[in-house]
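Here come two complexes built around subunit A, the first alongside subunit B, the second alongside subunit C.
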Partner chain A sequence: MAFVKMQTRLSMVAACALALMATAPAQAATDPLNPRPANAAAKPTFDLTGNWWVTQPEGAAGFKPDPPLKPEPMKVWQEVNDKRAGGENFRDKSGLCLPLGMPLILTRVYPIQVVQDAKKITIIYEYENNVRWIFIDGRPHPGPDDLIPTFMGHSIGWWEGDTLVVDTIGMNEEPDIQPGVPHTKDLHIVERIKLTPEGFNDELTLTDPNLFEKPWVTAKRYKKSDSELQEYHCLPENNHFAVGADGVLRAVEPPKQ
Partner chain B sequence: MSGLKYLTLATATTALLSAPAWAHHSAAMFDRQKTSSVAGTIKKYQFSNPHAWIYVTATEDGVQKEYSIEMTSPNLLGRAGWRPGTLKTGDKVVVRYHPFRDGTTGGQIVDVTLPTGKVMTEQAIN
Partner chain C sequence: MNKTIKSAVGLLTVAYVIGGAPAASAAQKRASLPDWGGVWENLSGIHFTQPRFEEKDLAPNPPPLTPEYQAKYDQARAASKGGRPINDPTANCAWPGTPRIIVAPFVHEYLITPGRVTIIYEYMSQVRRVRTDGSKHPADLDPSYNGDSIGHWEGNTLVIDTVGLRADTMFENTGLPHSDALHVVERIHLTGPDDLVNEMTFEDAKALAKPWKATWRFKRHRDWSFSDYVCSENNRNPSVNGVTVVK
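Entry: the complex of A and B
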């Protein structure tokens, strides 16, 4: 018991020291293609391998709190909220069987399977069986000429003490971060992942100078799950929703029987 | 003022608790404050992604109507005990649902009472 206490105290001291060290490189000009600080851990601090399930209410509610938007994007966000209050799903592309990508995929309430190896962390999302790779072998992001925009973007990760830091760039502009929050190619996401007694916390800091007044900090919480992942494919011919000319998602006629 | 604040908080809490766990698209198109019920016959049970659907026909005042009832994905329904054979064409069922706001006949499932009397919901164990 005394040993555990001492260990806790020691790890707190270590965490404080790391936190102090971590602030130093943040103040220095970091390379956006290789933002790993000099004091990043040489080896992974933990292994995220396993099945996890995002917990409520964060999962069903998009991202909270509301985004700190600039005046122009704020108008789009307000229009979506006004229409939603009136019963219309405006700009909701999640109903169209399209890949969601980062970060909208994080709002789906389905289990995920994480497989961590020496090079990368692979996340399989049951929702539409989407896959995301986070490279943890020290490689930087591709340079501007080599970066191919994708739904998930390009993610690299490293550990700072007890925290897995994941840096993501290169997300294409589809779909909105959540309906009504469209982003540009400058979207940059930094995730700080920490283990919790139930699972792990993923704190996200989103920046996009075209969109936000200041960084948008939001979080998703996960718990350990015994549920095995299943196949999930969203087939357009089985989908009974379509976006009208007015941008509103509606149920349409079921297929001919 | 404090009364209004309380009411808003209470509404927000209710909305949060009743938020669908499955969210493929937002549930804004359904009036989740209302629950309707229809006793009818299964015309079709479509157990496919992204959403499963139940089509129920019922005759009201001599007029046959078709109700389109949306459910979550087979993935989540499977975890709540649903199977491809849970409903069969011709089964007599009672379906409770949150109606579409735009007047489309049908809505979002609350529960289905099977011919055996068993009540099926979307409540999954995760």
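Entry: the complex of A and C
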């Protein structure tokens, strides 16, 4: 019972803190490994369990608006856009059947399954069974000695009022953010997820001091799906696209049987 | 009911804003399901034909193959002994499929929710979805790697029934074949706070002369989490002309 009482008290504190937040700007997080603010809600505000589709009013690939790149990465990005204008799908490694990782996985149109429990939010992407775990049990990110870079990175989440905030670090440098926008180990993503009448909205703020002039703010929207996820299996030998020595992804002849 | 479950009820009472179901009943349904949280380590090895425990071989478990499939298996064993193993599709990063994934060497976890159990395996990032909502297998199933799974709870035992499996996956890496008629029944339950047993029965009208059983043991680790297992990142044993080679 003591636990329950403490929770009630904490949520009252959280409610007061939220009221204050409406007028005072949020303080900058002091500890990047534990950015959960003291005024985070004690309990989840909503449950995302279910199947979802990403809606893509801005188009199927990449993120909008364009990234605020520094001059050097801007050259790469422009080269990619030039190649694409010429019909070449430059620098897209998805043909190698590697996981897409965060945040590139968010640019795929296949449905996702979310299971939320007391400890974590598990997101399963139909695309190659890529799986993401967002820990909501109050744990911090692992320190530099323990953090092994992965495709999805390490995600922790908490609620601030009606918003689920997800903080992700530790994404490996294998996949680009989107074709032509490679990132470094310093990529940091903060997502603010809010329910909408049809599903939820995921606003992403990406920072990487090596890459961006300023934080890049973009969004993905989701709606409820009634359909079940299917098997999506990418096999290099079945692929009709391959990356050449020049880094260009091209259609190739299917292997002869 | 332990303290952990009580606090989970507290957390979940506010949940299910989206689902449309009354919050209390959804939370109650969920709290009534067994706690299989954490990840599970395989203690019994990766060969149905040779179960292990505590790093020792137990009694061999020979499959009762039909003559046709015994001949296929003998051929696979002979090729392996001759140093030219037949192609194991997982060497090219094809998924192992069910039931081979059940005995994968890396951890797995259960996400138990009303109407569904989702099982995630670290090995090749595999996912199985088991409908526990009372629905049946569809009549017109396309074969898939992990098939179509329906399940139900008998007390605290999860019973899973799987059909609709592909013929081009194997039971295990010894080349043990099965057909698309394979039917897998699993009975999974706890035998201790952190001990889980999966009692499997395989039926296959083409490959097996009679039902074949295997029992597998798993140990819970609440503080472990998954790591990436990406086959395509380090593919050194591809198949060339049907033969597995080492690069």
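Note that the second predicted complex is superposed on the first by the 229 of 257 C-alpha atoms of A that agree within 3 Å, B and C clash if a C-alpha of one lies under 4 Å from a C-alpha of the other, contacts with A are read in each partner's own complex, and residues count from 1 in each chain.
Here, a residue touches a chain if its C-beta (ideal position, glycine included) is under 8 Å from a C-beta of that chain, and two chains touch if they have at least 3 such contacts.
What you are looking at is a predicted structure, and each value in this text was computed from that prediction instead of being measured.
Enquirer: Subunit A superposed: clash or fit between subunit B and subunit C?
Expert: Result for subunit B and subunit C: fit.
Enquirer: If you stack the two complexes on chain A, which partner ends up touching A:Lys119: first (subunit B), second (subunit C), both, or neither?
Expert: second
Enquirer: A:His233 contacts which: subunit B (first), subunit C (second), both, neither?
Expert: A:His233 sits against subunit B and subunit C alike.
Enquirer: Kindly classify A:Cys97 by the partners it touches after superposition: subunit B alone (first), subunit C alone (second), both, or neither?
Expert: In the superposition, A:Cys97 contacts both subunit B and subunit C.
Enquirer: Between subunit B and subunit C, report the minimum C-alpha distance in the superposition, expressed in whole angstrom.
Expert: 8
Enquirer: Report, in rising order, the residues of subunit A that make contact with subunit B in one complex and with subunit C in the other.
Expert: 97, 230, 233, 235
Enquirer: Going by the contact rule set out above, which residues of subunit B touch subunit A in the complex?
Expert: Touching subunit A: residues 16, 19-26, 28-31, 43-44, 46, 48-51, 53, 55, 68, 70, 73, 75-76, 78-79, 100-102, 104, 126 of subunit B.
Enquirer: Which positions of subunit A touch subunit C when the two form their complex?
Expert: 3-4, 7, 43-50, 96-99, 113, 115-119, 122, 124, 128-131, 133, 148, 150-152, 195, 199, 224, 228-231, 233, 235-237
Enquirer: Under the definition above, what is the set of subunit C residues touching subunit A in their complex?
Expert: The contact residues of subunit C facing subunit A are 3, 6-8, 10-12, 14-19, 37, 92-95, 111, 113, 118, 120, 124-127, 129, 144-146, 225-228, 230, 232-233.
Enquirer: Residue numbers of subunit A touching subunit B in their complex, please.
Expert: It is residues 53, 56-57, 59-61, 83-85, 87-89, 92, 94-95, 97, 107-111, 126, 179, 225, 227, 230, 232-235, 238-241, 249-251, 254, 257 of subunit A that touch subunit B.
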